[in-house]
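Okay, so chain A shows up in both of these, paired with chain B first and chain C after.
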Partner chain A sequence: MKQMQRFCQNWHRALALFWLTSVVVAALLATSTVLVPDLLHTASPPFLSPHWLGTDPQGFDVAYALLQGARTILYVSIPAAALTLLLGGALGSAAGYWSNTGLRVARSWWIASGLLVAGCIGLATQLYAAFLVTSGSLLTGCGLIGWLLHQSTWGRRPWAFPIDALIAGLIVLLDSIPLLVLVLVVAAIQQPSAGGLVLLMTLTCWTTPARLMRAATLRTRELAHVEAARAAGLSDWQVLRRHIWPLTWPVVMLRLPLTIALLIGLETTLSFLGVGLPPETPSWGRLLAGIRQSPAAWWLILWPGAALVLTTLSLHQLSRKKQ
Partner chain B sequence: MKARTAWRYLGRPIVAAWLVVSILFLLTRAVSNNTSFIQATLEADSRLQLAEREQLTQQLLHRSGLDRPLFYVSFHPITGWQWQGIHNQYHAWASRLLHADLGLSYRSQNPVSELLVEALRYTLPLTVLAALLSLGLGLGVATGLHLTSPPRRTAVLTALQALQAAPLFLIATGLLLLFANPDFLDWFPSFGLGTEEETTAWWQLPGRQLYYLALPVFSLVLVSTPPLIIQLDGALQQELQQLYVVTARAKGASQRQVIWRHALRNAFLPTLTLLSELLPNLVAGAVVVEVLFALPGMGRLLAEAAATQDHPVLLGGVVLIVVTRVVAQLLADGAYRLADPRIRL
Partner chain C sequence: MLVWASVGLSACSPTSSGTTTENIRIHWARDPENLDPLRVDNPSSFEVTNLLHCSLLRGNEAMLDIVPWLAESAPVTRLLGDSLQFVTYRLRPEATWDNGSPILAQDVAFTLKVMNAPGLPIERSQATFGFIRDIQLDKQDPRRFTLVCAGQSADRAKISGDFSILPEYALDPQGSLRSVSLPAIGKSGTQPAVQKFVQRYAALDLARHPERLPGCGPYTLKSWQPGRYLTLRRKAHWWADTLPTPPAELQAFPSQLTYQVIPDAATATLALRRGELDVYAMMPATQFSRLQQSASDKEKLRFYTADSYEFLTVNFNVRRPMLRDALTRQALSHLLNVPALIKATQQGVATPSVGLISPRIKAYYHDSLPLLTFSPTQATTLLGRAKWQRQPDGSWQRPGTGNTPERLQLTISYRAGEPSFETVALQFRSAAAALGIPVQLVAAEQSRLSQQLRAGQFDLAIRNLAGNPFSYDFTPLLHSQGIGVGNMTGFSSPLTDQLIEEIVVATDPAQKARLLRKFQLVMAYERPFTVLYFSKYRIAASRRLGELPVTGLMPGYEAHRIQLPTEASLQ
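Up next, the complex of A and B:
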């Protein structure tokens, strides 16, 4: 029975991997040129040559649009997911490792950086006029002040940087609107390009990985080997890199397929609503939106819908723990 | 300690909500071209001369307060920073918002609050019905799963996980194609609310509305219930292994009694967080469903405002959703306390 279960699981994994690989291969094979619509066969049903999967109301081939939609997934959803996890992981581990009191910076540097910011604001016109000279003199001036203050005992005393509270505040800020509405509004203010959409998704979706990473880091920080590493005098960076990340990294990696699935869902929903990517970018969601023009065209739902569900299911399958 | 908890549960969400709405306001005003919406109406009128048009644009800008500076301070590369006083767009907008005045729509020149109230008349039945149904269905199925045989439970859970993989718009279009298709099963209407027909008597209206809302509500329920069931089922599974359950069984309680009387209350705690997100998420989900089923509700209002860059309407909708979210969170915190007296605020 156990063996049977394991076989089943491996089989599922293999199937999921096979499907995802074929999506990636399809995306790489698809040409980026826009095909001319076949105006003689608009909204033609599938299984007829030359369009084996049918055409949409504009006369575009569905099979071709599916391939190009896979390309959009590869170039938009996956980079966005990777960036989301990187940002969320970094912020979450910083918040968990230092919490509110751990990140101590000497008063001298606090004052120097405060002066730098104040100088940038106060001398903004000069910065516009002569950027190099003003910024150079600002940097050297503030550096000098910081260095001088650092010579005194008062200046060397640390002030804590409340990084945990800061990141928690940011998370509360972003979570106060449902994701879809936030992205919808920002995308409406200015129609984003593909790169802009990746950035927008990254900046709005990082909260969940950050929360997970913060919890994992909080747990790991208390372990004995981290204590030992700190006692041995390793720097914060080394403790994080050598002793904490190897243990917390799997949390984020396990999250990767789920994040990709989430972002594919978000991107296709936006394209379906006609908001996200520019109209000429093919997407499975945009293909599905064709159903609104010809409600009887079941093939416009079946193929992209099946592709979408299979991809999401495969990604979910991958994120299950290996037995 | 008291002030801290008040800040954490009341202050922080409100400040966050205010900040989000303010940032979105400043973004909409700063990034977009103010004159574009006036230009479109003026250019339609070809009788106007160029000079007249300029003047008219200025007048219209002045009337809607768009010729003022955007924020308390402004920056210009040559003149530097300048204090603008309280006669700026942000101040005017914020003070009107505090009086619950959301401004006028760019497109139709109607008050935004009127448009929102009108839209809520359609969205509230949709979302509230969907929320109640998913809650009931979630409770029923999750407890029912522990009363049936294990293989059946695994089968249902697998099916639910598969259902979770489909995004809302796919489920909704699928339902539309299956049940509102003249070629297949023409059971339900595919769009509208059926209120435009005058012949229906007043006592027929609720039933008629239910008939028209069936597919939209069902698609929302199909999306929001699986996560609820999966989470509640996992929590129940964990609770049923606790010692107090053994005690309850030893006293002679049936499985049904053990679940409903003893385990469910404890298992429900982690699900409360999910529930507090249910209503705002349903409002967001209503965007997709209302666009697809052509219901004149909040979601469609938002989507249309997004497509036509009608920023006051868009911001008004966001304000409403943010407020719903904050209220739902407060209610969830209160419910936590009711459900588990060990939690102290």
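Up next, the complex of A and C:
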């Protein structure tokens, strides 16, 4: 029975790997030239030459659009997932390792940082108009004040930086707003470029990896060998790099396939709603959105929908295996 | 999952929501944005303004002419010298303001002074009605007056009555502008009376609060949520109700009109099918045809089409150095595949045109000019003539100002949610990419797009323009006076300015035809915008309404004449 179960699991995993490899190969092989719409065959059904998977309402070949959509996934969702894990992992590590008292910063730099934040808020208009000059002046001014204060004993005395509370607060704040609503609001204000979309998804999806990483770090930092490393006088950076991350990163890496699946879904939803990537960037979500113009064109649901479901299921399968 | 859920929901059978029979719900693709009668600059604000206010004359497509509206009859014209004419009107004796006071010549004089008051947004009024030099009030008859107009053409006389009449009693109850004559007001920016009036007018913020200005039209503003909806309520006692047999222009049947702003065509179609809209004009051809073929939709909807004077254009921002020369604009125009676009976006039902005169107006249409052809080869040749050189990497460059080379790379802006605009943009992009010209699509929400167009922040822009068969004054659209007002491309030249001025003052039809043909010839060379086609109005309306009064004039229907079906028609 166990063998049968194992065989099934292996078989599922092989299928998942095969599909994901196919998507990556298709993305890499997809033509990078701008597709030419066939305006004489708009919303044309599949299984007819030369558009074997049909065309969308703009006359684009669905097969080519699927391939180019796969490339968009490769260039948008995967970098966004990697950045999400990096950002979440870094913040979670910091919160877990230093907690609310471990990170101590001299008063001088506290005051300089506070002034910098206040200056940014107060001079927001000028920052927008002349970013380089204003930001340069602000940084120089605040840096100088910080340096001057640092010359005094009072200025050098440290204050604890409550990094754990701050990050926990940010996580609660971001998690309290539904992800889609948050991303939609930001994307609706200014239609993002591909890079902008990666940034937007990164800045909104880092909370789960951060929470995982924080929990793993909290557990790991109490281990004997970490205590020993600290006692031996290793710097925080060395402790983190050599003794904590090797144990905590696998926890976050487990999350990678699921994060990619989440971001593919998010990008598809945004493109479907018309607030995602620019209109000229092919994506599975845009293909799906074609159904709103041609409700009878079932092939606009079937092909991109199947590709989306298979990709998501495959990523989930990989994640399960890792667990 | 959300995508699938949305698709599932959109595929569900439409259900009818509760409606009141007295409220007619009409689809708008865009919000009017501002309802100051001095700044009417889009179809939605034009439609509302014509329901809140009346002008002296109004276009009537059935009669192919301008007909009296607030005026009692067509104006009487009399020529003066070789460059002026007197246009005499008399106002309808029944016409009154909401407070019961009569609408008098003094109100017309007041309106003209407002349209000339420095400090107010009068650029559009000046570009269109700047030829009205003075007004003479009849001392015996307070309803009679004479406009002194520059130019002696019949067009000028017709246009002279096409502005909303404003109430003096509401805007200037002290009559402070009466002491200032019309010719003097334009030069009297420093006069305290005018300055105080301008401040009062600006403080009213009519762009956002049109309810502060009582009009003499049949409707008042009930509510307006910008970007969502606008509701007009029929006045209980409108002056034209006393007419025994009011003409079509003075009929107003619906007790309430609600305009729903739904920019996305697919969403609007869904709303119509669900019974949440009664009228959807300018429906995309594919959706229209699909509904026509659906048995369930045919039971609930009626379908109308009308030849329109609305045309789709691709506008070039000639302020951009790369688009400053006509040859580049011509070259880029050859990348538009008009026949294929008509097939794809209009189901083949649209009329290509050589320019901005409709091919239906045979007397003035320049049928000897060739229609635009899709020819990348010709585009390449023209780009070469415009001194663009193909680089080894496939891009195009030419020497720019100083030592900086100019690169040919474009953005094309259009209103988001309109499938035909997107199809045009994507077709152009693919044709341009084949030649090595990178094109970036910018799909913007309408109000943002309008801002960008006004500010000249675009390279190419796709937009609909509408004309009419009554007057041929292209001043707001293409004259140097119209730059920043209606002339979004920024194009003007001494020759076209002169032609536009000559056309509006031409008295002889043959001369006018000759000038219009020459104008089309010049525009076909200069191409500040390229006309793709004149479209049909496709209107779907709920069967709960009676026969929809359809017209070829913008917006394609007469909202004030929509009626519920009579018992006889139901039988």
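Please note the rule applied: the second predicted complex is superposed on the first by the 266 of 323 C-alpha atoms of A that agree within 3 Å, B and C clash if a C-alpha of one lies under 4 Å from a C-alpha of the other, contacts with A are read in each partner's own complex, and residues count from 1 in each chain.
Throughout what follows, a contact is a pair of C-beta atoms (placed from the backbone, for glycine too) under 8 Å apart; a residue touches a chain by one contact, two chains touch by 3 or more.
As the structure is a prediction and not an experimental result, all values here were calculated from the model.
Colleague: For the three-chain model obtained by superposing on chain A, do chain B and chain C clash or fit?
Modeller: clash
Colleague: For A:Val172, decide between first (touching chain B), second (touching chain C), both and neither.
Modeller: first
Colleague: Please indicate which partner A:Cys8 is in contact with in the superposed arrangement: first for chain B, second for chain C, both, or neither.
Modeller: Neither partner.
Colleague: Is A:Gly305 touching the first partner chain B, the second partner chain C, both, or neither of them?
Modeller: Touch partners of A:Gly305: chain B and chain C.
Colleague: What is the contact status of A:Ala261 with respect to chain B (first) and chain C (second): first, second, both, or neither?
Modeller: first
Colleague: Let me test your reading of the model: by the given contact rule, A:Ala124 touches which partner, first (chain B), second (chain C), both or neither?
Modeller: first
Colleague: Is A:Val25 touching the first partner chain B, the second partner chain C, both, or neither of them?
Modeller: neither
Colleague: What is the contact status of A:Pro278 with respect to chain B (first) and chain C (second): first, second, both, or neither?
Modeller: Second partner only.
Colleague: Between chain B (first) and chain C (second), which does A:Leu17 come into contact with in this model arrangement: first, second, both, or neither?
Modeller: neither
Colleague: With both structures superposed, pick whichever of chain B and chain C touches the larger number of chain A residues.
Modeller: B
Colleague: Using the touch definition from the top, say if A:Pro57 reaches chain B (first), chain C (second), both or neither.
Modeller: Touch status of A:Pro57: second partner only.
Colleague: Going by the overlay, flag which of 22-30, 40-48, 58-66 or 544-552 in chain C ends up clashing with chain B.
Modeller: 40-48
Colleague: Which chain A residues lie in the overlap of the chain B contact set and the chain C contact set?
Modeller: Overlap of chain B and chain C footprints on chain A: residues 180, 265, 268-269, 272, 274, 285, 288, 291-292, 295-296, 301, 305, 308.
Colleague: Please name which positions on chain A make contact with chain C in the complex.
Modeller: Against chain C, the touching part of chain A is residues 33-37, 39-40, 42-43, 57-60, 180, 191, 265, 268-269, 272, 274, 278-280, 285, 288, 291-296, 301, 305, 308.
Colleague: Over in the complex, which chain A residues touch chain B? Could you list them?
Modeller: So the residues of chain A touching chain B come out as 121, 124-125, 128-129, 169, 172-174, 176-181, 184-190, 261, 265, 268-269, 272-275, 285, 288, 291-292, 295-296, 298, 301, 305, 308-309, 312-313, 316.
Colleague: How about chain C: which of its residues touch chain A in the complex?
Modeller: Against chain A, the touching part of chain C is residues 1-4, 6-7, 10-11, 264-267, 284, 286-287, 290, 337, 340-341, 343-344, 416-417, 419, 422-423, 425-427, 429-431, 433-434, 439-441, 443.
Colleague: Which bits of chain B are touching chain A when the two form their complex?
Modeller: Those residues of chain B that touch chain A are 12-13, 16-17, 19-20, 24, 27-28, 31-32, 75, 77-81, 161-162, 164-170, 173-174, 176-177, 181-183, 190, 280-281, 283-285, 287-288, 291-292, 302-303, 305-307, 309, 311, 314, 317-318, 321-322, 325-326.
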